[in-house]
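Next come two complexes built around subunit A: one with subunit B, the other with subunit C.
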Partner chain A sequence: MADIAAAPEQLVKAAPPRTRRRLLSRVPHLVVGLYLLVALAGPLLIDYDPVHTSLTDRLLAPGSETSTGATAWFGTDGLGRDVLAQIVYGARTSVLIGASTVAISCLVGVVLGAVAGYFRGGVDAVLARVFDILLAFPAILLAIVIAGAFERSVLLVVVALSATGWITFARVTRGVALTIRERPWVDAARVLGVPGRSILVRHVLPFTAGPIVALATLEFALVVLAEAGLSFLGIGLPASTVSWGQTISNGKEYLEGQWWISTLPGIALSFLIINVGILGDQLTARHRRGRTD
Partner chain B sequence: MTKTREYGRSRLVRLAATATAGAALLAACSTTTGGDDADASGASGDVTAAGTYPIESLDPHGAQGASTGTQLAGQQIFSRLVKPDPDGTLKGDLATAWKPNKAVTAWTFTLRDGVTFSDGSPLDADDVVASFQRMISLNGPNAGNFPVSTMKKTSATQVVLSSPAPDASVPGKLGTFYVIPSGVGKDDSAYFNHPVGSGPFTVDAFTPGESLVLVPNKKYAGNKPAPRRVTVRNIPELSARMTALRTGEVDILWGIPDDQLASLKGEKNLTVRTVPSSAEFTMWFNSSTPALKDAKVRKAIWQAVDFKTIIDKLYPETGRAADAPVTGVVLGHVPQPPVAYDAAAAKSALTDAGFDFSKKLRLQFANAEFRPFIQAVVSDLQKIGVKADPLEKEQATFTEDLIALKWDINFQQLATPSYDAASNLGRLYTCEANRNGYCNKQLDALLASAGATADKQKRTDLYGRASAIIWRDAVGMYPMSVSIAYAWNSDLKGFTPDASGLPDFATVGTGGS
Partner chain C sequence: MIRMVAQRLLVGVFVMWGAASLIFLIVRAAPGDPATVLLGPDADRTQIEQLRESLGLDRSLGAQYVSYLGDVSRLDFGQSHRLGRPAMDAVLDRLPATIDLTLTATAVAVIVGLTLGMLAGGRPGGALDRVVSACTIALQSFPTFWIGIMLVLVFALGLGLLPSSGVGTPQHLVLPALTLAFPFIAIIARLTRTSVAETMREGYVQTARSKGLGERQVLLGHALRNSLIPVVTVVGVQVGALVGGAVIVENVFAWPGLGSLVVDAVANRDYAVVQGVTLLIAGIVVVLNLIADLLIAQLDPRIRTGAV
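Up next, the complex of A and B:
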């Protein structure tokens, strides 16, 4: 009986304090913030030319001294290029492409989704079928086709990834708009003669912000991963633009002896994806809590 | 409720962990099984090889006819009038004898008796003539060896190859001419899915760009091929090829980069050998591009690249600085003065020539293995302000663009399988061939003269003079003579590394068979 009574107390003691949990939940924010800082400020601190090679410094292990007297903290690749610099510059490319793609996808998706959900009728029927058809098409395959068909550039990768990225935003926005349009305050606005466009902007779209922000975070992670995939395959970005995918690809022939070339950018990529994913989950949970409350 | 959810979650985690462990175990089992299969197949006479180039087509007369992959397949499936030994010496294949007329304008080939195709039908002079006409009419890269030649049958076992101008290099150039049955159309995909040939092997299965499975040709006129089955696989990723060799999934591998050779040399069950080849890194300039029309510009760009350092660092074992447009093992090789690296002089010469530094040069190449070399070249060019855009293309696109001159600098590892400069210089550098936009009547005359004499010394002298023009005018950059690194399972018997990267599998036997 005493044991039974003591058990809840032990559980209470074993449970982490609320403040500790709160601190732990901040870790993804800190990590993602750090990546953004590296992407923005890193290139200002580290000089790197992706075209320049230094064959005398090729395949140096992490921490080695280069021919110029500098230290290659993360080692060098098969052409003597600094791996740390490639990670820093690759972060900028990933953040730039991720943010641009998500912004374009979000803009297109939210507008089309809101129009379809709020106005319904024929517009909704056509747009909803378009969403369904495009959603059925493998996104990465379409991106590969687009990226492979034209001259390689950052803009091309953004376009290729945005081509299908907006659909999820459109579907989520449409769902929210379908619900909100039936609410009493929207009916009231309609009865009072407020134009449809104003109702959409003032009374419907604000309610999509929560789920869209959460979705945008998750989409950012997927875009960064897709861009790395395209670069790994050698399509999309030109050789003069540094990308984690390219760096990982450059090192795959040296995995046995010079593991750092592929492994370190791979870890950087994975760490970002995991933390952005957790952050997205947190935002989704916060949105759900807010809606339940 | 919360406890139930937590219990459910932990159960899910356990399930996921179990599933992952199970998957890992299955994967491990499947790898082991694969290895066992490979061992078992090796012991029963199966040989698996992985080269560096995909076999995109089996048509030896078509657009892919000169590609290493198609040549490799062609020599296993079809016969030739003559073929080179691994050291470059010509010997008869379908032909038992060949001789020129006095003017060296007509070569008579006497065919071997009793040769049949794999379907049992006899191979005669009609098939040889029809194959030659097909090769010419398709106008593929091998047709360039015989721009105005004709072939006629003089008897059931004799054909005569005539050309308006004397051509002493005909036997050597015929090393890339394969005989197929008469009646095969220009684009006969049904035939080339299961081609009928008279070579040591027939095709059991072929997936373009992936694999070619060969089985012995029961009607083969020569010695019976030793292996029961030969599979030539294309494994694009180097690390995957290396792993396949180590695990026994692949028995023979070649074209191994220098960085990987050291680790392979430490493997007890592998034999590693490097053989000087007829291949050379060849970087043509497109002389029809306005920016590259001036020979001084082309020479300056050549001078701007520190090829010696690139070779020393990237190809310490398989590379040697080239000293002519063809390598030392090729008839017609005459050393030329080295082009010394001098970035300052190059920049000055380009400025004097009015070179447009803002223009980006399209540097096209195929095959990822050359990526580091190309990037090192691009880096050196950038140091003097010349912008080059490395364009890595898929093999078929590369070949199409190469012929259409859709490039400014073209990189190729160019082999001379006939070991005769006629099939390299004589075929590719004439105005008519227009392979690099360069046209020089004096060079044309020298190449024609070289092809018109049967005297080896005279031919070497003439090709030397032609090489001097090509070198002086920098028709291309010629940085490196290539050695080919081979590694094979030590259990294999009778394997001879080939200097052209086209090994003969007919003599390869497995230890256990």
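Up next, the complex of A and C:
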């Protein structure tokens, strides 16, 4: 008797403790959080001015002492500007532009996609044709043309990147709305006489939340990369705005000898994108698991 | 099949009309009078008026739009005042360099991506699979322009093996093509891996195994063909992204293609060239997407006969 009673307890114990793996999977959260913190509070952490030029401190190697007695941990660039300060302020620019672009793209895409997927008809047909036209251009090319045509500003870059950014949001939302509209609770609401708009908001839209959050994460990575690409080409942002792409581009002339100017901001950028990407994949996987249950 | 081709062609024409209209809209919405921009700040009023007239800017927006569509349909994008010759000539001059670059990058990406994906997908969850998936995440995350600079730093400046920029010899093509190929290697490898892993569970693969075929023959002779369908689709869909990547890569390596031309034109408000490049690229994307669709139909009889 005692053996039988003991058996289930042993089974419970046998369940492997997965804390180690869980901890490891939290690393991207931590890293992305750290970047966000630096973007928000960076200027408080660091007392260098990223655009302060100093001819006596030109092209200092990482770790050397500047003329003011401070240490340039990441070196200085061709105009004597501190590379670490540029990375910190560049994080600000990237996070600001990334978050605003994703927010705008998400709003526009979810609204249009939900309406098209739920009501079908004219909106759906028009949206499909708009996709066709916009997808004929490489996203970065359209962004270059838009950002190059108007007065340089942060807002312009956000608009230029949102011009194609909303497409994926609209497509995913449309797809979810298409399947949800056939579900019994939507029929029930319809039979009860709930107006279409309320059905959409209360009974369809909540189901798009999971995929949209995962998509927003991945889209954030793409937008930050695209912004860096634009700044690298010298298009869109005002010259006074510090950004990773601009610093990397500035360092290109000094590659022979002063490798750090281009290399270090690029590592900062790549590390962020890798972690945001893993985070996005985790969110996507979680949402997929949730759907099959 | 013919009906499908005709239908796709019709959509293609519509898309080109939309693309041309979109570019017209952006260029006309841009601040600054094109004539004033072209002549510079020192030009006097009569000069500006004359140029406005010769450019047709004195007519109504509707009339300008109609004549613009007519010109575009004849592949005439007007005169590039900065280069002093028709924009289309300048664009066609630069096209071969971009084609060289993108074709080489595509070939590299397909060969390396397929190999990695098949190695990883042949035994999902294995050590090789994990290594490949870690590599693909990294390859997809690096900004292309930065990877290009890093390759220059290591292979051109550090080891002195390859030229850092320009054109001329096949060696000049190595670094730009590799840089451009990296993200696509990752995309193709990931896709092939999933696709092969799925195909390996199919009944006909089991049949092939039970006939006593070796794992290599099963993979190459039976699983590969079906796994190719999503790969061809994605190569078709990614053509746009590939050309977009080329725009940036060309600027890193001073590669004299469409990408460096268009960035230069945008910076100098040379709208004839901007229109020429963007619409040519849109046209190429539309045509290649069409070809990819037809290729898929050829690879998959279910689509060809309309069974799906």
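Here is the rule we use: the second predicted complex is superposed on the first by the 271 of 293 C-alpha atoms of A that agree within 3 Å, B and C clash if a C-alpha of one lies under 4 Å from a C-alpha of the other, contacts with A are read in each partner's own complex, and residues count from 1 in each chain.
Just so it is clear, a residue touches a chain if its C-beta (ideal position, glycine included) is under 8 Å from a C-beta of that chain, and two chains touch if they have at least 3 such contacts.
On a predicted model such as this, the values are computed, not experimentally measured, just so you know.
*Asks:* Figure out whether A:27 sits in contact with subunit B (first) or subunit C (second), or with both, or with neither.
*Replies:* Touch status of A:27: no partner.
*Asks:* When the two structures are overlaid on chain A, which partner does A:149 contact: first (subunit B), second (subunit C), both, or neither?
*Replies:* second
*Asks:* Once the two complexes are aligned on chain A, which partner has more residues of subunit A within touching range, subunit B or subunit C?
*Replies:* Touching more of subunit A: C.
*Asks:* After the superposition on A, what does A:252 contact: first (subunit B), second (subunit C), both or neither?
*Replies:* both
*Asks:* Per the contact definition in the header, classify A:263: touching subunit B only (first), subunit C only (second), both, or neither.
*Replies:* A:263 contacts subunit C only, not subunit B.
*Asks:* On the A-aligned overlay, A:201 touches which partner chain: subunit B = first, subunit C = second, or both, or neither?
*Replies:* neither
*Asks:* After the superposition on A, what does A:135 contact: first (subunit B), second (subunit C), both or neither?
*Replies:* second
*Asks:* Look at A:37 in the shared chain and tell me whether it touches subunit B only, subunit C only, both, or neither; answer first, second, both or neither.
*Replies:* neither
*Asks:* Which holds for A:234: it touches subunit B only (first), subunit C only (second), both, or neither?
*Replies:* both
*Asks:* Could you pull out which residues of subunit A sit against subunit B in one structure and against subunit C in the other?
*Replies:* Residues 234, 252, 255-256, which sit in both footprints.
*Asks:* Quick check on the complex: what are the subunit A residues that touch subunit B?
*Replies:* Those in contact with subunit B are residues 51-53, 55-56, 58-59, 78-79, 234, 238-239, 252-257.
*Asks:* Which part of subunit A faces subunit C closely enough to touch in the complex?
*Replies:* These residues of subunit A touch subunit C: 129-130, 132-142, 144-146, 148-151, 221, 225, 228-229, 232-235, 245, 248-249, 251-252, 255-256, 259, 262-263, 266, 269-270, 273-274, 277-278, 281.
*Asks:* Where on subunit C is subunit A touching in the complex?
*Replies:* Subunit C residues touching subunit A: 11, 14-16, 18-19, 22-23, 26-27, 29-31, 137-138, 140-146, 149-150, 152-153, 157, 240-245, 247-248, 251-252, 262-263, 266-267, 269, 274, 278, 281-282, 285-286.
*Asks:* Where on subunit B is subunit A touching in the complex?
*Replies:* Subunit B residues touching subunit A: 237-239, 257, 259-260, 263, 309-310, 313-314, 368, 372, 375-376, 378-379, 382-383, 389-390, 392.
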